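Structures for review follow.
Okay, so chain A shows up in both of these, paired with chain B first and chain C after.
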Partner chain A sequence: MKNRLNNRLGLGGWLGGGRYGVDRYAYAFHRLTGLGILAYFIMHIFVTGMRVGGQEEWERTMAFFNAPVFKAGEFLVFLAFIFHAVNGIRLVIVELACGIGRPHVPAYPYTNSTMRQRPFVVAVMILAALLMITGGVDFYFMLN
Partner chain B sequence: MSDSKAAPTVVFEVLRFHPEKDKAPYLQQYSVPVTRGMTVLEGLTWIKEHIDSTLVWRSSCRMGICGSCGMFINGVPRLACNNQISHLHSDRISVKPLPNFEIIRDLVPDLESLFDRHRSVKPYLIRKDSHEQHHPVGEYFQSHQELINYIQFAYCIKCGLCLAACPTAATSDKFIGPQSLTQAWRYTIDSRDEGAGERAEQLYSSHGVYRCHFAGTCSQVCPKGVDPALAIQLAKKEAFVRAFGIRKQRRAARVAPPVENWVRNRDIPAPPTPTIEKSRA
Partner chain C sequence: MRESRLWFWHILSAIVIVFLLGAHMGTMHMNTILNSLGLGSADPVDSVEVFRRSASPVFLVAYIVLLGSALFHGLYGLRSMLFELSLSKSVEKTIGGLCAFAGFALFGYGTYVAIVVYRMHGVQP
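Now for the complex of A and B:
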């Protein structure tokens, strides 16, 4: 008898942090921001490609993208980039098994690698916040 | 939990599904009086004994050893026998079958996919000299440190909680998953093993360790302190150091020669005389 019900969580389980720890949210944001940056990159190539159509075409495009909504969008890309870059450095470190501890005989209460690398996650959040604030000030108040 | 001292009750919200009767799963609520130290598993047993004998789940040891009673309890995969109701700090207990596995009925997940993946990584000692392995003449040498390298990962009870918590496993049924990747590493790093090459195909395949991006939830939900995330990152590091030739290939443990002129430690009593004839197969 094969009458089983599929219970795979799918995209919701992939992106939803649920009741898990902050690392799970960092994971979801890392994936999301990665996809966002990729989408921006493709658009960027397309938009700069407009230059091929001549100077007039280029200026018209630039004027179009000068609207505040695109400025805000650009700032979002900047935020995504900051998070992705800083968190990416943490991932390179922990995925090379640095700062996550060594195998040992488990004794109750158990510890685990996720908790051991938690300070890195906190550091990532602080560093990303600082860079985002600095970038935000620069982006909105000092550019013109 | 309710404050009334007389009969504190919690509401169990249980996912029900009967493959022959129901088209879709549904939630059913039961009020359960809670006694001190009562586990979620005992709550389910109480429901079965007093309210609804048709409720189905799987359990055996009731002490966190057999790995049968994994369930999705209040949004996190846990062993039902290993979690006291009062420790959940809620008067509503949601109990669902483990996600990322097919549901057989009610709270019973089909763990076959976990066992298939487990088998696929050859979770046993592989020796080049298979004759010696099948006709052993002695033990393999192993130091304490060599034991520490893998013993944590050998604590796995194959409950599947880590797979239920893994975001990569949520979207891919080909991902070998934290449990089996950990077992692949457990045997690969065992000083008595010579099967690293055979397991590397699985470990470093496109469904292997590189699909892990350290969400870390497997290690957080593991009830035995196995820490699958650690094993997976160690496997990645090993591939890295090998690629740069930083570490030399180790030699597999030798067979210890038979001990001659041995004397029994007087503190250890002699074994009882056998009650059946030793078979000489």
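Now for the complex of A and C:
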């Protein structure tokens, strides 16, 4: 309990990567994107539910959501999806204990599991960036 | 035992979602590129396109499976984040109950929509 009250880092402790670096940012973003997609998805169920009212009702709904602000919002959902999906596949692989090395007796020079996983994290971030750029190109052409 | 089983479903649903939502997002957000390659459609939210997809049994099943897996995955994720706050057992039970209720209600509504629209058999262009 004492430790919990003694949070010297404050908000920076939650937002900053500290010595965990990029992995810690990936964790924070995974949470943020997961919650964002969930919020969008719940609204999405009601918006796509407008199809029950038939073609006219659907066209009226889509005319409303055609505004640039909603298009930009949908693009954000797309970016969140790419990050969450690609990082999530990495998490599934790692959590099933694949690609993290076999347990061994600690011997100098010491390694830790964060460092062993680092190349995988970097590779996954590059893949996510490439997919996001492809989506961005598509979005650009859609707007023009 | 129950918790590890739920966690396993969380992981399994993620794998199902990758494929189904990957295809859904590809259709909706890679449409310009796919269309220029002769795949997909120029305007995937156009009513004729939307109702044509909805009238297909493949899409009907895919949407219901996606609905169930994304709701379970997302709500279980939310629940486990809230559980990290070291809450009392009774608060945990309430949160679990609310998530389950929301999940079943949204699944019921989404499935109802998918079936009603499937039975419309598309619309006239």
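What we mean here is this: the second predicted complex is superposed on the first by the 116 of 144 C-alpha atoms of A that agree within 3 Å, B and C clash if a C-alpha of one lies under 4 Å from a C-alpha of the other, contacts with A are read in each partner's own complex, and residues count from 1 in each chain.
Assume a contact is a pair of C-beta atoms (placed from the backbone, for glycine too) under 8 Å apart; a residue touches a chain by one contact, two chains touch by 3 or more.
The shown structure was predicted, so the numbers you read here are calculated from the model rather than taken from an experiment.
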Which of chain B and chain C A:73 touches, first, second, both or neither: neither
Touching partner for A:21 - first (chain B), second (chain C), both, neither: first
Partner chain in contact with A:95 - chain B first, chain C second, else both or neither: both
Touching partner for A:104 - first (chain B), second (chain C), both, neither: first
Chain B versus chain C as contact partner of A:85, first or second or both or neither: second
First (chain B), second (chain C), both or neither touched by A:31: both
Residue contacts on chain A - larger count, chain B or chain C: B
First (chain B), second (chain C), both or neither touched by A:112: first
Contacts of A:49 with chain B and chain C, given as first, second, both or neither: second
Overlap of the chain B and chain C footprints on chain A, listed as residue numbers: 31, 95-96
Residues of chain A defined as touching chain C within the complex: 31, 34-35, 37-38, 41-42, 45, 48-49, 51-52, 54-55, 58-59, 62, 74-75, 78, 81, 85, 88-89, 92, 95-96, 134-135, 137-139, 141-142
Residues of chain B touching chain A in the complex: 17, 19-20, 25, 74-76, 97-104, 109-110, 148-153, 155, 165, 167-168, 170-171, 173, 212-217, 219-220, 222, 224-227, 229-231, 233-234, 236-237, 240
Residue ranges of chain C touching chain A (in the complex, touch as defined): 11, 14-15, 17-18, 21-22, 25, 28-33, 45, 47, 50-51, 54, 67, 70-71, 74-75, 77-78, 81, 106, 109-110, 113, 116-117, 120, 123
Interfacial residue positions of chain A with respect to chain B in the complex: 1, 3-15, 18-21, 23-24, 27-28, 30-31, 91, 94-97, 100-101, 103-108, 110-115, 117
